[in-house]
Amino acid sequence: MAENETGLPVHERGGRGNALPVLEAGGHDKDGSPGWVTTKLDYVVNWARRNSLWPMPFGTACCAIEMMASAATKNDLARFGMERMSFSPRQADLFICAGRVSYKMAPVLRKIWDQMPQPKWSISMGACASSGGVFDVYSMVQGIDTIMPVDVYVPGCPPRPEGLIYGILMLHEKIRGESLAYDSLRSEDDERVGRANLPAHAINELALPFGNSTQQNQVSGLVGTRAIARPNDRQP
Amino acid sequence: MPESYRDKLEFRDALDQLAEGVDRGPAQAPRSGREAQADEHPTVAALTDALGADVVLRHEVQSGDEHVVFLAADRLTEVMRWLRDSAGYDFLKDVTAVDYGGGRPIQVVYQLWSIRDARGLRAKVELPLDALEVASVVPIWSTANWLEREVYDLFGVHFDGHPDLRRIMMPENYAEGHPLRKDFPLRGRFSRAEQTRRALSMDVEDFYIPDEMAVYGSGEAGTSRPEQDPAAARARLMRSGGGPGAEAGAAVPPMRPEGAPGVPGSGEELQEDERA
Amino acid sequence: MSRRTIEYDVRTSGQMGADGRPVSVPPMPAGIEPEMHGEHMLINIGPQHPATHGVLRLVLELDGETVVRCIPHIGYLHSSFEKLGEYRGWNQIVPLTDRMDYLAPLIYNCAYAMAVEKLMGVEVTERCKVLRVLIMEMDRIFSHLLWLGTTAIDIGAFTVFLYTFQQREEIYNLHEGLTGARITTSSTRIGGMMADTPPGWLDAVQKWVDEFPRTLDEVDTLLTNNNLWIGRNRDVGAIGPEDAVDLGLTGANLRASGVPYDVRKDAPYYDYETYDFDVPIGEHGDCYDRYLVRMEEMRQSLRIMQQALDRMPGGPINVDDPRLILPPKTDAMNDMESMIHHFKLVQHGVRAPAGESWYSVESSKGELGMYVVSDGGTKPVRWRVRGPSFINLSALPKMVEGHLLSDVIAVNASLDIVLGEIDR
């Protein structure tokens, strides 16, 4: 790679002589790897982003209490720059869905996620937000990833504050690995407004009962219910 | 010294049953309730004196000390008003319903309490599945407002005279039926994808009931928003959702009390549940 | 440079008036400002909102800043606990009860177990009774602490939130010591408890009981005679006793209106009549009275906890009933009959006789009713939870009529609702 007077590398294709090197659309070198400037800029930007993630606490149920506890004095979110809980999605970076989400709440959740401007990340906190949890019932969303994209899943019922913090640190690692070069990562995608995040067959597949749920869909047994069962519900 | 549990009769019994492989049916299950005489509870005695013995269809005692009276649906308002005004039951703790399944009548259960006498009474009304209607007690106790709405939402019992009978727990466009009925499957009637699609396909206006929208309709600066025709709005809501990607032919079947066949368009074969 | 001292007279100096309540500034006399009316406005609060204490949606019709009508919408957290309970065995429902009122899970665990035990005609051991009283009172304080913290933060006092949450962390440790979990405790079983108290746990509770009043006093100093607190809460959301009973309010909301109804006194359970405690009754039924009633309730709960700790008997924690309780593990491993017994209980679960039972418990939010209906099987036919917050919230429209928008938040906070219990 050529160098100009300042000693910084410059792309030969975009060469501007003595000016500062130009970041190509994509910021890649000719050989395809990210340029030096790109990586340094990425480093700085990602450092700034991950160390002041302003959470949008979408707390619905018990996990919200543990989220509040992780913001309180004993497990202090302020050391991660996250004490400023932004209840307005317009000013938030991190969407923490803490608690179970019903189908009545789903459009609200989707709308809040859509209202958040990029860059935005999401944490699905707890078993109910990640997969429906204990509630494999008619009114519960079986995992918010059917409705919106999720970056980190934090299991637990509810996860301890330490668990949530571990998830946040995992997100920090994820942010570290991002690059401005990847345009599609941070595009404001309007076409998906109002649609589910996953296609229909994926939602049905994810929501199939598994494990104990397959055996726990019968009532007292001494009473004939003539309820309609779905044979797929009985898969192991 | 307490005797060992192994010597107890129930344990021997359980072992025998295990050997035989037979489970007791409901007819042989032990019962925690018994028939009671009217004079065992002062209120029931006074009630039969005041309004006649035929208002109380049955009187039993459950779990040792809980008195339950079965009332006739047609005289419910009269009896409830008497209970509040003359017997001092000023506190309605709960209104709920029980569906026993198998075509049996649904019981609407009222839990009453008298603060001054520190005495409780449970009143029940049995409604056949094809006539799930009963008078509302909202004019008598205001607390019944939301309680009856919940019973309507989850069981489909219609309360005559309720000021605002609409769904409370389920969303306004919920089309799968009344969830707590025994013939309603645990995971709902529609597939998860369909439930998700219906949830995400509501417009902003669908979140407001006509009563609320009327706030703007009445103003002279008539806004662009008001829903002038609530019936049309409801019809639109209850149809296939109308959002992008509505499945073709996913019309909502009319609500049937039991054994509703599969919803067309959901692509699944549905069959009857088996007994355990 | 000279210093200038500024003095000003705030008028609500925390002095107590003749009626025993702090003196406040007299309201502005009428006629100062012309009455202004305009078109009514529709405002939507929630379901995602910091101050609604969960996913509650309030639609307000406003005339300026005055609330003309308030219509609450619930159901955003409807998890169909009651339907799910019909598909679970009697003991399997206990974990579900934690997730309804997640602010006082032990009260729900105990109330449910008590209802089923009544249905079965089972009398738990003395130790179990006293332990359940102890943990129920502990969770009453636990829930009131959260109410206090979130109400203060809604009104604007952030420090109280931190103090109360620090005390809640201590209770979390106690929960964890007894049950293994901080919030979702699932500690009761039909016929007893999941496990007896670990060694040292009762001493830890005693230590906490000794230290907690200091925090209560601190919060008291911060809030009770604070002009801002009084100004935001006094005469806000007042409701009279007849209306309160008619609307079905229970708990501190009812008692603050002057109605002396407490399930622990009027329909006592677990020997509550032998404990020495008072029930605070308010007068005016406004937010300030509800605050005072709950603060005093916490102190009374401490009294009960101390008495429970003093009288904690020894003995087994679970009943000795083969229909309910698993045999000791060493027996089950060594003895065929015990193994079969264990097998029957684990495979099929406990059985209840056919019938029904209603059990009322004074929860932190109000009167919690558990109604279980059984047909003789291992699962209930119907499990109904009379959640106090559901009915308390239905009184909100009446309480905020004519108040300002910011008062709606104060009244909502003072009702102490938890959406898990409302939406079930």
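Think of it as A, B and C in the order they're written, each chain with its own count starting at 1.
By our rule, a residue touches a chain if its C-beta (ideal position, glycine included) is under 8 Å from a C-beta of that chain, and two chains touch if they have at least 3 such contacts.
Source: prediction; values computed, not measured.
Enquirer: Average the CA atoms of each chain to get its centre, and name the chain whose centre is farthest from that of subunit C.
Expert: Farthest from subunit C by mean C-alpha position: A.
Enquirer: Of every pair of chains, which is linked by the largest number of C-beta contacts?
Expert: Chains joined by the most C-beta contact pairs: B-C.
Enquirer: For subunit A and subunit B, let me know how many angstrom lie between their CA-based centres, rounded off.
Expert: Here the centre of subunit B sits 39 Å away from the centre of subunit A.
Enquirer: When the centre of a chain is set as the mean of its C-alpha atoms, what distance in Å lies between subunit A and subunit C?
Expert: Computed value for the inter-centroid distance: 33 Å.
Enquirer: Measuring centre to centre with CA averages, how many angstrom lie between subunit B and subunit C?
Expert: 25
Enquirer: Send over the residues of subunit C in touch with two or more other chains.
Expert: Those would be 75, 78, 80, 83-84, 87, 374-377, 381, 423.
Enquirer: Could you list which residues of subunit B touch at least two other chains?
Expert: Residues 25-26, 29, 100-101, 169-171, 179, 184, 186 of subunit B each touch two or more of the other chains.
Enquirer: Could you say which residues in subunit A touch two or more other chains, in rising order?
Expert: Within subunit A, residues 104, 137-139, 217-223 contact more than one other chain.
Enquirer: Name, in rising order, each residue of subunit B that touches subunit A in their complex.
Expert: Counting only subunit B, the residues touching subunit A are 25-26, 29, 100-103, 169-171, 176, 179, 182-189, 191-202, 243-245, 258-262, 268-276.
Enquirer: Within their complex, state which residues of subunit A touch subunit C.
Expert: Per the stated touch rule, the residues are 58-62, 64-66, 68-69, 72-74, 85, 87, 99-100, 102, 104-105, 108, 112, 134-135, 137-140, 157-158, 160, 216-223.
Enquirer: Any idea which subunit C residues touch subunit B in the complex?
Expert: 39-42, 44, 59, 61, 71, 74-75, 78, 80, 82-84, 87, 118-121, 245-248, 259, 261, 266-267, 320-323, 327, 337-338, 340-341, 343-344, 351-358, 360, 367, 369, 371, 373-377, 381-382, 384, 386, 390-391, 393-394, 423-424
Enquirer: Where on subunit B is subunit C touching in the complex?
Expert: 2, 5-6, 8, 10-11, 14-15, 18, 24-26, 28-33, 62-64, 66, 68, 90-94, 96, 98-101, 109, 111, 115, 118, 120, 122, 141-143, 145-147, 150, 154, 167-171, 179-180, 184, 186, 207-209, 211-212, 215-216, 219-221
Enquirer: Which subunit C residues qualify as touching subunit A in the complex?
Expert: Its residues touching subunit A are 47-50, 54-55, 75-80, 83-84, 86-88, 95-96, 98-99, 102-103, 146, 161-162, 165-166, 168-169, 172, 182-184, 374-381, 419-420, 423.
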